[in-house]
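One structure coming up, written as structure tokens, with questions to follow.
The chains carry the letters A, B, C, D and E, assigned in the order they are written, with residues numbered from 1 in each.
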């Protein structure tokens, strides 16, 4: 094995040689430098492998042939190997990426680059604190120099600020170091640590200086303005190295120093780290410059890393895995994003819209951003999971919440940025060329992210290959993305179909129901996919990603798997939603609510497993005294997905703007994931009381109000898809209420409503989607009279709304009937009454939907509209068949469901007599009702046929507005402001209080972010002031340095 | 009066120079003046370091005729901080030079040395 | 109760009775109304004449299939309501198909006809009909709420949702009627009933003579005939329902006729006394007094 | 005792020069004062038995670095 | 004024901190372990009379390497700067000719200064001084040359070659230390020789020569670059 000292020798030797090569052209020096970096990378990776595979022992490298403390020694241990491997590999990739820039700027830039990396290597390996100082200076100066290489505007001023700041920090570090030497009589870190007890009582200031200097090199809030300016001003390639290599190396330095810190210091370090994490992410919210945004994110992530290092005593042996998992995501993704920034070469995040024509780059960007946000299957997902779980074990819920809040803020700006890239309309999608040497490193880090994800998954016990199968399927579809739609759709159907038939025997009970909804429903909706022509770039992998999440969620046996699946599903659905028109903000809202919800779930899981073995979902049964809180966390978490009132504002836009066949996916299928989650929560936690109030009562009221408000809003919509979206909110309110009843009938109601909702909402969204597709408008007042053009769609919608409104004889009534029985049994009459009212309002919007679209007068521009495409109609017709079967044979589903529920709620079950259901209050015979109604209908219809046999068909007459062109033409349409009297009477109920509330939350966050980032006033002197102040504040906080 | 000893006096002086240097960095808006402050800050640190190496009534750590080779340890001051200061001084020079060159470049851009003018990167 | 083919005949029989009762009721009420206003009024069999006239008109026009289906739905709704409501307490013959569903079914089935009517009228394409429909639907939602509360209240009271059982519980004397055992619920329901009968002051929807905006104005000839048929059946069915729920039901046809007649007179009486409301006014009204009564009815349970 | 007095004198000189370097209005004077700080410091190092450091400080701190300051100042004067 | 007030407050806070640090300083009675080791074993192990040199060149050789690297970096960065500015096209500036005396003095003094510098770093292991000081002295010679005649052309290439060659040699000696002796930068690759003579202390003089050359050339380089900047057009 090559001795690690050769890393230094190679770098220095090459750097000095490069100094000779000023006149030999650009290529030779570049090749030399790359070779040197390659050699360094090789050596470090060789050691890493030796440590990982051969169980290599750590090795001390003595210089000058003397033992420490008399000479400088380096240490090559496992951790050192890991960190220098990271630094060198990233640097190597970076050198490839920056080939052009480096060659342009000549030999000097190459040797500076090389020396920076060398400096970082020594910083990681050295065990001598003065040596640490020297090589820190090497890397600082090199960094400042590198800012000159093809930097952005104002790179020089950034460089000066950087120099001043790091110079100041280094000065303080030096004071600390010399006093360490004075106290310990040695400069060897090991000696200083060993003799800590003898000097700590007097040496606390020196310790403070050293620790804080190292921390300050890690850019803690608020003393990090200089770092942000550097990130903004640097060449993206350099930014990548600073963020990936330098920061990573410094984290390790801090880790090395931690044995010096007393326990009290740990808290300070955790506090500093978390403050940086949260504050940077808040301040980042307002940021529009892409590179500065990355800077904020870097600072935040590193802050989290600092906090994690500060937890070393808590986390014990798990520390490194967590730290590395977080860092792996950070340095790979951050480098990737910086590099992408170089490729895109646009300053503001909005301008990234030019990426739209580059699906591969978009994919990479998505990968990086989701990796940063801690989504599976990336390392930080597992890191965050382990971290939260460990902290929960310790009862550090405050820290957990801070971490989650910070992460949420990070998601805000990261996803907004991604949204701009995918959707920002203003940017012309220009073609720009990508040099392979710039693309290659980006591709490699993305690949590495996935590999690292698998590795850390394996470490966390998430390694079974079959749990990655659905993801692999999505990946395969991504590779096949060049194929035309019908091929990909067939592949998708085959794949999912195979999965369906393979797995459906595996599930029983409620899981089976949801399996049918998720996978069966998915298959059904995918049938519609054939209607599209062309390639439909990116759709299939993303859709499969969502279904993969749903499938894995059912498979999940422990909380990690569940959460993994949950996040996969969120990611997939986010991308599906953002594909829609004008969906940028809605997708962002969706993602933020989902992530927020997911964090609550994560926190709930954390509390659940605290102090227990394993992660099984069964642990939810034995939470103990914390269970009310777990219940609340999980319930709210899942309610973000079911869009319950207060958490619903993402839904209407997201569903309404989605593509024709995506709307049913996200509405009919996806929402049920939340229901599934709620069911799990309620089954395992049951009734929970907080302050003597049954939380279920609160949930029931939320469900009731959700239903009322959702339906009410739906009734006043002008946009057909939005109407359906609000209707989904309302329907899910019923479900929530049903579940909150916590009785046999209640659950039966909830699940049958869920099933019915799945059926009719899939159908309606497809049907309305077809209409929108044909008429090119979503506004109902721009439609009318389409019954003649789209008769099949009309019938579908008719059946859909009858089912939806629960009018007998169709299956929707089952839900209503069960529901009243359940209410009577439970005694929640008032809630029941409100729900009834909500149901009546549902009738209103149903009518409006069918009336204004299909009836009335045909618009001139729709004279040539055709029936919806066959492939859109096919699934609708299949659903109709399903609805008819369920209507005629309600017991085919309710009876087995009842049996399943019997195990949870033995009391109050229905008794069945063929199709006649008997509750203790009433009875209902679905088959009979259907027969009777059909018979009457048929007879009356026959009668009508007879009496009107001679009828003659006339055309509708036109309406003329007295030759005046109205200012807003839509206001004269009969379907505009349809339920005006109703709105007049009850409009106050739909006052958008919740939307306003969330808007205000958003605005005040923005304002706060803006105020916060004002401390970074761009003045280098102020930054020094921050640094000095940082020392003093910590000095006073620690009451004189502990 | 233990403080009336060269090491204490010079260390105190060193610390005061450090403070003056920091004042110079923080209080002057002129870049050159800031850098002067910076170099004072460095010098102060160096004085402190040398003060730590000092032992009363001993000679420099250079073994010549005046030193009894048998009892070197009792006759010389600590060579280590001195070696460190050597390194630190040279590093300080490098950093100062760089800062000056950057300041020069910035002045070329904006014809000003006022650090508050270079705040295009902010927030 | 099992379904037996003979029940179809029984059902047809009760349908025939209810239809004629409805027709006559219409005629008599109009006659009475005229006499009170010191006019001679129509002949009591005038509704029959109108009906026949409409059915036999030669010209029939249609705007399309849904226009056509509207009255069909409407009539199906009316007949269905009869079919699911037990007419005579304790009678197998006039129990109809009430064994296939309880009061919830009836409550929701009422919407069936409304929906069809609205759709049919809408296809006429006349904006006025759309306006009429929206008015009707908006008002319907409003009065359904107190009605539902009242029904819920008596369901709680009798601990059953079955209409027959509710009637059974009211047997044995006038004091056992819901009217006396649960007066608040009855009050709420009877106020809601005013709305459901769509008579003045809540008749703007139905487009009486001077209001040209409403579904019925879209129809004529035989399709109007179907609607008129329904107008005989549907109110009668509702009367029977209210009688069953609040006034002890009926053990014989005579009892049924008397009770329903007085219930009907209640809405006639109010209609004569009060002027017409706008729709938003009526919504507010329903959501005020009747709703409060309805909530009270539940809270008192 | 001479060492102590010498140290005190040098320390005071260093401080005085440092203050001049900071507060004096003319930049040139300030630069010269900063050089003088180094110069006095290097004498102080000699007193503190650190001749190596003293040499370095004299050559680099008060010599080269002052020159660099002047170079830059000169350049800036030119540009202004 | 407010700003000054804030700064004063901050400085007072900082002064309190430093005071605490100062009070933790208790003087030295004796050499600490590390220094003691050097004092007792320095002669045997390294063989240099100047213990500071022993420490700088051998015991803490890696620091010196890093430090040399820093100067190298600085020179390179300033060079990079110059390259950037030179892209804006420079023109020869009229410089006031310097006095005859200075020119003559330069001709006499510069070789002496160079010699003195070389003496200082060759004797670095015996007397005070060494590579840094010697290098600085050499650089001041170069400086003098420029002061005498700002337009004077010196072979920048030569400086660069000396800089690089000495740097590479430093590294090679370091590697030889691994190959031939106990570790990177071990001075035992050459015999220790007789204590107190010029050719003693193993590789220390050799290393110090390279350090001196390197520091000298690097500082010269910096001066060269700075001198170049003076010639730029406004």
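Following the convention adopted for this analysis, a residue touches a chain if its C-beta (ideal position, glycine included) is under 8 Å from a C-beta of that chain, and two chains touch if they have at least 3 such contacts.
Keep in mind it's a predicted model, so treat the numbers as computed, not measured.
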Apart from subunit A, which chains still form joined groups through touching: B, D, E | C
item: Labels of chains that are neighbours to subunit A and to subunit D; value: B, E
item: Which of A-E and D-E has more C-beta pairs touching across its chains; value: A-E
item: Innermost chain by mean C-alpha position; value: A
item: Chain whose Cα centroid lies at the greatest distance from that of subunit B; value: C
item: Centroid comparison with subunit E (C-alpha atoms), farthest chain; value: C
item: Rounded Å distance between subunit A and subunit C, as computed from the means of their C-alpha atoms; value: 54
item: Subunit D and subunit E, separation of their C-alpha mean positions in angstrom; value: 18
item: Cα-centroid distance, subunit B relative to subunit D, in whole angstrom; value: 10
item: Sites on subunit E at which at least two other chains make contact; value: 7, 10, 14, 18, 21, 25, 28, 32, 34-35, 38, 50, 52, 59-60, 63, 66-67, 70, 73-74, 77, 81, 128, 130, 132, 222, 226, 229
item: Multi-partner residues of subunit C (each touching 2 or more other chains); value: none
item: Shared interface positions of subunit B, touching two or more other chains; value: 5, 7, 12, 18, 22-23, 26-27, 52, 54-55, 60-62, 76, 80, 82, 84, 86-87, 89-91, 93-95, 97-98, 101, 103-105, 108
item: Pairwise chain contacts under the document criterion; value: A-B, A-C, A-E, B-D, B-E, D-E
item: Sites on subunit E touched by subunit B in the complex; value: 3-4, 7, 10-11, 14-15, 18-19, 21-22, 25, 27-32, 34-36, 38-40, 42-43, 49-52, 54-56, 59-60, 63-64, 66-67, 70-71, 73-74, 77-78, 81, 85, 126-128, 130, 132, 196, 215, 222, 226, 229
item: Of subunit A, residues touching subunit E in the complex; value: 3, 5-6, 8-9, 12-13, 15-20, 22-23, 61-66, 69-72, 105-106, 108-109, 111-112, 115, 118-119, 122, 126, 128, 130-131, 134-135, 137-138, 141-142, 144-145, 148-149, 175, 179, 181-187, 202-206, 208-209, 1025, 1028-1029, 1031-1032, 1035-1036, 1040-1041
item: Interface residues, subunit A side, partner subunit C - complex; value: 785, 787-788, 791, 794, 798, 802, 805-808, 813, 816-817, 820-821, 823-824, 827, 829-830, 832-833, 836-837, 840-841, 843-844, 847, 850-851, 854-857, 916, 919-925, 928-929, 932-933, 936-937, 940-941, 943-944, 947-948, 950-954, 956-957, 959, 974-975, 978-982, 984-986
item: Footprint of subunit A on subunit E - complex, ascending; value: 6-7, 10, 13-14, 16-18, 20-21, 24-25, 28, 32-35, 37-38, 45, 58-63, 65-67, 69-70, 72-74, 76-77, 79-81, 83-84, 157, 160-161, 163-165, 167-168, 170-172, 174-175, 177-178, 181-188
item: Residues on subunit C engaged by subunit A in the complex (per definition of touch); value: 3, 55, 58-66, 68-69, 71-73, 75-76, 79-80, 83-84, 97, 99-105, 108-109, 111-112, 115, 118-119, 122-127, 130-131, 133-135, 137-138, 140-142, 144-145, 148-149, 152-153, 155-156, 159-162, 221-223, 225-226, 278-280, 283-284, 287, 294-295, 298-299, 301
